[in-house]
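By letter and in written order, the chains are A, B and C; residue numbering begins at 1 in each of them.
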Amino acid sequence: MAIIAIAYLIFLVAPMLLLALGSFGESWSGTLLPTGFTWRWYQELATDPSFRRAFVTSLQVVATTCILNLLIGLPLAYAIQAGARGGVRVAARIVTLLPVAAPELVLAFGFILVFSSDALPWLGSFWLLAAGHLVLTLPYTVTALVADMEQLGLDHYEHAAATLGAPFTARLRDVTLPLLRPSLLSAMLTVAALSIGEFQLSNLISGFLSRTYPVVLLQAFYGATGFACAATVVLLLLAAVASLTSGLAAQFAGSLLSRRAT
Amino acid sequence: MTLQYDNVSYTYSGGTAGVFDVSLEIGRGELLAIIGASGSGKSTLLKLLAGFVKPDRGRILIDGHDVGHLAPEARRLGVVFQNYALFPHMRLWENVAYPLKVRGISRDERRSRAVEMLGRVGMHSRADDLPAALSGGQQQRVALARALVFEPQGLLLDEPLSALDAGLRMEMRDEILRVQRQSGIATLLVTHDQEEALSIADKVVMMRDGRLVQIGTPRDLYETPADASVAAFVGQSNLWPGEVSGDGMVSTDIGTLSCDTAGWAPGAKVTVLVRPERVEPITGGVDTAKPGEFAGTMAADRYLGPVRRLDLAVAGGFIRLETHLREPLTGASIPPGAIRLLPPT
Amino acid sequence: MSPRASSSTLVGFATPGAIVFGLFFLLPVGAVLGGAFADGGSAFRRLAADPVFWNGLRGTLVLGTVAPLFSVIVGVAVALALLRLAPGLRTAALIAISLPLTFSGLIVAYGFILLLGRAGFVTLLLAELGFDPAVTGAFIFSPLGLGLAYSYYLVPRVVLIVLPAMGNFDRNQLLAARSLGAGGLRALIEVMLPQIMPSLVAAFCLTSAVAVGAYGTALALVGTQVNILPLFLYSKISETGTDLPAASATSLVLVAICAMVVAIGEAFRRSRG
């Protein structure tokens, strides 16, 4: 078993390592590893207008997606967890499973069909792209938050606050939101990581001027290896940073959760 | 201030569990304990009073006013939860000051009142700590302080000692009683621990299947239990099925016993209750001809420190007794005054 | 029953989410699935007559079986190794392993081109040992090779699903089985396996659905060359003047496979509790 685990670690690291090496290699063709060292690819990337625009678009989409997740996903998660009835739970579970059952490709096709109509002519717009990212990440947000609320025993704290005289809004402000802060931070960072790397939907529904970074990245794969590596590494780093900080935030949330058990 | 249940019924949705036709009153300064097995409905009674669930029928009264429609935050009742539910993100003084904050009291005043309240439970030196830094007993004290700081109309304690070690439990029991007496507040204690209930409550209520089985002083419940289930739940007991065989006589599997049969017709089925400490041990010769005297051998001998708890095998069954004698026993005698007749089970 | 919030508040809280879900999920997916029947079922007949469709279906079924199977085996081994680590180290390792979950399929694709492509690191390494790079370099572009690339982000999913179940398993049971005379492997198979089986099936089903539905990695690796259903559908969607009802019908087949697999997984997940 340990051998498989070590082999898996190598398997995990090898592609990332090669991408990083390739991005600094002057040339890489027909050799085992790239030769020479250069910053050239990153400089080219930084000055490439379509990558620059895509980068900014991606950041805008990510920010919008996170904010919408917070505004829509948090209340939804709360309603599901506090509603707590069996039927609501089952419905919520099905809703979170549906996106797996209907692949992004099919959803993208649906967007093309529905939102290129005269009634809803939104295809290619920034907001439709953000809505697409929202609908892809919402199930994650809701599942993660409901699980944390459950584990936190939010109902105990809210009941306690109620007996001490706090009405609903005061409970939300003083107890619920502060307790959920680490969970929210962790969930939003994961949403950011998912959104920044999203390709399958964006590739088909983003307009030419609102193409996200991954969509433009695909074109780079047909060009110079070093450039493609550098462009990929940027995406990798963004996702990795978001994902790692999310993990750390979740750890912090977890330490709060475990403290509850006296 | 009094707390009162008036003919209250509540059924959990999709089940038969709940509480049925409960009427109860807790007077000013009185500590009433509700005991019962899990699922007996005792926690539901607390939830009804706190406002976590609303009664299907009947009224919940605080100081004579019907509060059945009020949300928990409007009832002004201090609740101490089983796991304390201290807010992990607030310092101890902030926890205790929270009910004052909600009521719009200035920061300086609520801090000084919170620290003073913490002092009453011996925790003032920890005012700036977070709850996670405390032991279970300390959290319990803070929870008690938080529940009392806003001068509530009643205090509700939900299994407050169940999460504590046995040793600490005794100490906290006295602490709760001291603080409760000091504030003179009507208090409801829900517990599955009959010893806890008997030792601090003014009145004890025994519940079974959502109904009150008996209400009385701790002494009432122990000495004159309403039925065999109460006798079995509260303290140790010998319970034998029997039949009234004549005036002053009851026949059981272990033989005929003489006792007061007033109120029971000859031929009536009964349950015979004898508390183990009322059985008299015999170490020498046994005269089985005497009514209530039995020869037997020791089937089990438990050393409990101050006393031994013995099961004596006699013809037809066992007699459980407690004695401080250290020598082997040859028999036991059950004096007529030790016997209580209860309805058959 | 809980007084945490009034029903109307909760309904208000859930409404925006429900609208988003309805407008941006149910409506588009419904339009696609409805479109499959727009011409009275003849789209299905055209599909059935198309050998490319059948090839794609076969490739997808292979991919949807092999990739999750491989991922579950590796994932269980990794989870076992993780459980032997000290808790702090385990958490760190778990965070590292979860990284690929959020990675774009494109990163994985290009990483694997560098690793196993025609001029990839491993391909050239194997060429030194006498393996024909034309053969080894083509592996990653086959459905099986695609499965290997997919496992890069499927294994973490498996680990996250099976780890709790395996962590909850009381290892004293294995010791008990061995004290009763069972060998180590036998104890593992007869005592542990049945208890973690539901989570293994759940992990298999979820990763299978992901593998069946995904197209990003495959597109980046091979364009639309490889015979899997999502790429068949992708080329239909992205071509202009395409047969939309046939594309809808293909979507329906894809959704049906994924939904069935997810439903099976969910049934097993429920049976566990």
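Definition applied: contacts are C-beta pairs under 8 Å (C-beta built on N, C-alpha and C of every residue); 3 or more make two chains touch, one makes a residue touch a chain.
Everything quoted here is computed from the prediction, not taken from an experiment.
Discounting chain C, connectivity by touch keeps the other chains in one piece. With A-B and A-C as the two chain pairs, more C-beta contacts join A-C.
Chain centre most remote from that of chain A: B (centre = mean of CA atoms). Mean C-alpha positions place chain B and chain C at a centre distance of 56 Å. Separation between the centroids of chain A and chain B, computed from CA atoms only, is 53 Å.
The mean-CA centres of chain A and chain C are about 17 angstrom from one another, to the nearest whole unit. Within chain C, residues 1-3 each touch two or more of the remaining chains. Those residues of chain B in touch with two or more other chains are numbered 51-52, 71-72.
Counting partners per residue, chain A has 159, 162 as the residues that reach two or more other chains.
Here chain A touches chain B in the complex through residues 153, 156-157, 159-167, 170, 174-175, 178-179, 256, 259-260, 262, going by the rule given at the top. Residues 50-52, 71-79, 81, 83-85, 87-89, 98-99, 101-103, 131-132, 136, 139, 146-147, 150, 156, 163 of chain B touch chain A in their complex. On the chain A side of its complex with chain C, the touching residues are 1-2, 4-5, 8, 11-12, 14-16, 18-19, 22, 29-33, 71-73, 75-76, 78-80, 82-84, 93, 95, 97-115, 131-132, 134-135, 138, 142, 155, 158-159, 162, 168, 171, 190, 193-194, 196-200, 203-204, 214, 217-218, 221, 225, 228-229, 232, 235-236, 239-240, 242-244, 247-248, 251.
Residues 1-6, 9-14, 16-18, 20-21, 23-25, 27-32, 35, 74, 77-78, 80-82, 91, 95-115, 119, 121, 124-125, 152, 155, 206, 209-210, 212-216, 219-220, 230, 233-234, 237-238, 244, 247-248, 251, 254-255, 258-259, 262-263, 266 of chain C are the ones touching chain A in the complex.
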